[in-house]
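Structures are listed in the sections that come next.
Presented sequentially are two complexes of subunit A, the first with subunit B as partner and the second with subunit C.
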Partner chain A sequence: MSLLLASLGFGLVTAAVLALATVGFTLQFAVTDVLNLAFGAVMIVAAYVAYWVNQAGISVWLGLVAAAIVGSLLSLVLNRFIYAPFQRRRTSSIALVIVALGLTLILEFGLQAFVGGTSVSYQLAQGPTVGSGGFQLTVVQLVIIALALAAMVAVHALLTFTRLGKAMRATAANRSLARTCGIRSDRVVTVTWLLSGALCGVAGTVFAVDAGSFNATSADLFLVLILAAAFLGGPGKAYGAMLGALVIGLATEVSAAYISPAYKDVVAFVLLFAMLAWRPTGLLGDRA
Partner chain B sequence: MSGSGLEFYLTTLLVYGGIDVIACLGLNQQFGVAGVTNFGYIIFQAAGAYTAAVLSLPKDSANGGFQSYIAGLSLPFPVPWIAGAVVGAVLAVPFTFLVGKRLRGDFAAIGLLVAAVMANLLVTNYRPFLNGDAGLALIPAPLNSTMDSQSLGYQWGYSGVAVILAAATYWFCRRLTESPYGRTLRAMRDNDVVADSLGKNLRLLRAEMLVIGGAIAGLSGAVLVGFITLWAPSAWGYAETIVLFAAVIIGGAGNHLGAILGAVLVPLGFEEATRFIPSFGPPGLIPALQWVAIGILIVAFLWFRPEGIIPERRRTSREVGDAQPPETPRPHQPSPRAASRAGNEPEEARSAAADPVVLEARVISRSFGGVHAVADVSIALRRGHLTGLIGPNGAGKSTTLAMLAGTLPVSSGSIWLEGRDITSLPAYRRARLGLIRTFQLASEFKRLTVLENLLSAVPAQAGEQLGGALLGRRHWAADEAKNVAEAREMLDRFGLSAQANAYAGDLSGGQRRLVEIMRALMARPSVLLLDEPMAGVHPKLANEIGEHLLHLCEEGMTIAVVEHELAYMDQFCDPVVVMAEGRVLAEGTMSELRRRTEVVEAYLVG
Partner chain C sequence: MSAEGAAPRHPGAEGQLTAGAALTLEGLTAGYDSRPVVNEVSITVAPGEIVSVVGPNGSGKSTLLKAVIGIVQVLGGRVRLDDQEITGWLPEDVARAGVGYVPQVDDVFPPLTVRENLEMGGYLLPTREVQSRLDEVVTVFPRLATMLGRRAGKISGGERKMLAMARAMMLHPRLFVLDEPTANLAPAVASEVLEEHVRGLARRGATALIVEQRARAVLAISDRTYVLAGGRLRMEGSPEELRSSPQFVASFLGGSAGVADIVSESEPGSPP
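For the complex of A and B:
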């Protein structure tokens, strides 16, 4: 029982990190139809920004703000100067995915060339442990969960109550129609990349906090979890991404406890394949 | 470097080159020719390498049991190599579900990418299977019991075999690609929905590509592992697939010579280039910069030269082209029926009821997320009639057409062709029954010539299946010549002979519509569904097409046309079905419809 509770605790933390990333990833796809596989690479670049801030003797939570800003700007740059020009040329979605993989190589290994191949860690006290029975979380882990919850509520409020959020959903549903209705879709696209990029930067930092140590290629495997969560909930569905992140986060950590930590990510892979085979539009997607 | 040192270097280069060429050819066959984007390609190379390794390794590891692995059968050469290719092919089978029609190509590609990451993770972590992270070492080189694998003669022999296998792979891929089968693959690559509507079985074609590519990749892995005698997960990270993609894109996707050039430039060239530049910076810097360079090359080539260094060759046919210049279509004599139609005689309606129903929709509906695009529509198309389908935008005309053709499944209701329930048949099966559609949006196969577009539609042509293509040109040349003659006749009739060898993607909008209609006719339909065929076509030509369609109806074809142009309906269509808001509002001749006030109010204003 305590093993289950402990793994549920870890699962919630993983789910929180995953939710931040997956919502960002899926918003990019929803609004601009880009499957940005360089998302993991941007996460790691942002995590390093937080690391450098941290190295200067500043709290990593301030570093997180810097990471969010850098993630935001870098994402915007990727779209403005790479993805959008390719899309304007009517490059196929497959070629765009290949471009994204090329960008992943450039970012990850460009970073590695700069910082070297060794792993680094933040200077961060884990704080006291709270909880009862097997269910125990450190203060840092609680902060990660709280951050994710706050971000999810903010995304929900944005999509539901603001003009901008409604414009984003309209653009996601039908870009040309949204434009005809007077929605300035260029602006919506810009804001989407800034916002999802900020989520990406935050996700990168809390991922690095959660992982303990990280290097330039650490996010490769995490990207698989993001993809699994996004496809599980339905690509392009923000709430689906949240649900997918929760399921994948819990499933991987519980299986880590009961099967083996070495194979925890395989659960995500199995779920992803099951969804692709059975229902490519995801749990919360439209019926095909 | 001493003389023999240079020879060792050259032979090594040849072996690596041969292996890279084999791997790139397999990937090009999948991606460049057939448009199947397999981001997990490296899995199949790894599978071939591991298979060859464990089949040639002895039961107990030569290094005193420090490595554990399955099998260990000590099988003689060439069994491990053959098995490597076979396992590569077999391993592809479970992935074929990803490449069916339902899944977007980019989603399938991501599924395969994730599979590659996971396969590597599993093999890395599970040691008893293939010795985990450490990988397999001391793998016996082929024929090492009778030959000295370190000798120069052996090295030359090995490189000779690698080059011969690369040449054989090239020959094999070329035979597949330069055949009606290859044309079908390229058509699928350019537009899979349209290929489906012309009777091509996408799932089978893509599955064949995955399996063939898997076999080729498996072979390349087997040849590689026999030479380097070790194999570990670090050798086949998912990013290695990207290197091969970079090679194919840079060399020229779709062109097998381009794939060979890419193999020499990228995997081989990068490896060798670093051998000659002085090492600088901390360890790991040069490999990291190599990856950055590959990433930059991919993005730069896709932007500046997406067709690669050696672009795909345009398949021109010498017999056609400038030989026949007639620009204007040969007009048909206006048929007596069309002449009578022009006057809109009411007795037309009587004859309509007499002809047998060929294609029938019984109360079909289609909803998209709660919106009823089509609700309880029943339509009967009668033999020899040119049925018109009109209605305002969003009336559900195109959706109805798509459901009739099977491009979209119905939400409810049934569809009958010649008394047979075809509701559950996929589009390509309906097409093979003679039910052919065209599309509202331009849907030519862009990188096929006009002539190839027409030829691609011919049903049951020789050499269109994998087996037929492998039998070679002698098997299908006669049938092809007959089809080419038919296509030339069609081009002549529609006045597009001069463009026969042009890429369909380079034509004007009106010409592309013509290509689409001709292509549909080449499919020898018994029922033809045309979605706005006259959009963008010169009125004079539109008239002639109308006449031609009427002529085909008289010969027994059943045709339905979605059109906005009322004059066109007046002139050619009988009966005309009026749709509005997803329902059938009225049906009859145009003169009848004009007398019905509710129809006039809904649509026929003026």
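For the complex of A and C:
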């Protein structure tokens, strides 16, 4: 019982990190039509930004703000100078995926050339542990969960109640129809890169906090979990991404406790394959 | 009787008169990847007129409308709205110029609710005016009032087409560009769309350029009709003129001969 509770605790933290990343990733895909596989690389660049801020003796939580800004701007730059030009030339989406993979290598090895191959850690106190029975979380873990919840509420409010959020959903659903309504879709796309890039930066920092130590290629496997969560929920579906992150986060940590940590990423994909067989468009996807 | 009767029930509400715009296409050539699909099409629509384009499938009718509203590349010729040339404008700017467009397919945002679809139609309105305009538009399509919270992807084909038209009405356009608004609708719904709603737009003053498959029905509401085949205009006339043209009757009003006659017997590029 306490093993289950403990693994549920870890699962919630993993789910929180994953939700921040997956919602950003899936919004990008929905609105901009780019399956940005360089998302993990941008996360790690942002995590290093927080690290450098932290190294200057400043709290990593302030570093997280810097990471969000850099994630935002770097995502915008990737779109402006790489993805958008390719899209204008009508590059196929599969070719764009290859471009994104290339970008991942460039960003990660560029970063590695700069920071070296050894792992680094933030200076931060984990704080007291709270909880009862086997269910124990550190204050830092609680902060991560709270950040994720706040971000999910903010994304929900944006998409449901604001003119911008509705224009983002309209652009995602049918870009040319959105334009005939007077929506400047290029601006909506730009704002989407900024917002999703900020989520990417936050996700990168909390990922690094949660991992304890990290290096330039640490997010590679995590990107695979992001893909699993995004497609589990239905690609491009913000609420699907939240649900997918929760399922994958809990399933990987519970299975790590009961089966073997070595298999936890495998479990994510067994779940995804089973779901795709049952419902090809994802948990919250449109029925085909 | 529906709300858009000849005498507006609420002056300034849904019966509000719009000053229709004149639309002029001069030798318009348009297509995809620099390959023309429609060639040198010239059409004039006077303010408040309903002008229709009929023609066989694949003749370029949708492409023509898309070139007018800016989602297909214009390769030659001009598009004028009143005295302003809008050739090659971005669709978002054409919308700002007062053109409302209802596409043939993908005419709503399926994941958005009916209300949100209408809000997107009113995207350019000042925020405080959106709700009152939405209320007005819904009085023209009372059926939509009962389903504002439903997702547009989940409503019936007829309701969907009305939503698409209602969405286009949100901005009080001076010109409506309608691409087969009755496609895939049951005959009764189709005639409701044409007889009540399209006519209603014109009755409130707006101009309409409409592409239709149902030649007989669209002739009944048109001031003038053009025939497009193989990307070129082949015929043009008032409803009376076309009804008395054996060629037109044979091709579009159910005769023995087919569309091919119009295409082969006309000199390409010169409407008879």
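To be clear about the criterion, the second predicted complex is superposed on the first by the 283 of 288 C-alpha atoms of A that agree within 3 Å, B and C clash if a C-alpha of one lies under 4 Å from a C-alpha of the other, contacts with A are read in each partner's own complex, and residues count from 1 in each chain.
Basically, a residue touches a chain if its C-beta (ideal position, glycine included) is under 8 Å from a C-beta of that chain, and two chains touch if they have at least 3 such contacts.
Note that the coordinates shown come from a computational prediction; the quantities given were computed from them, not determined experimentally.
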Touched partner set for A:133, first subunit B, second subunit C, both or neither: neither
Which of subunit B and subunit C A:179 touches, first, second, both or neither: second
Residue contacts on subunit A - larger count, subunit B or subunit C: B
Which of subunit B and subunit C A:57 touches, first, second, both or neither: neither
Partner chain in contact with A:163 - subunit B first, subunit C second, else both or neither: second
Overlap of the subunit B and subunit C footprints on subunit A, listed as residue numbers: 286
Residue numbers on subunit C that touch subunit A, as the complex places them: 69-71, 90-92, 94-96, 101, 103, 106-112, 116, 119-121, 123-124, 127, 153, 167, 171
In the complex, subunit A residues that touch subunit B: 35, 37, 82, 85-86, 91, 93-99, 101-106, 108-110, 112-113, 116-117, 220-221, 224, 227-228, 231, 235, 260, 262-263, 265-266, 269, 272-273, 276-277, 280, 286-288
Subunit A residues within the subunit C interface of the complex: 163, 166-167, 169-170, 172-174, 176-185, 286
Sites on subunit B touched by subunit A in the complex: 35, 37, 39, 97-98, 102-111, 113-115, 117-118, 121-122, 125-126, 238-239, 242, 245-246, 249, 281-282, 284-285, 288-292, 294-299, 302-303, 306, 368-369
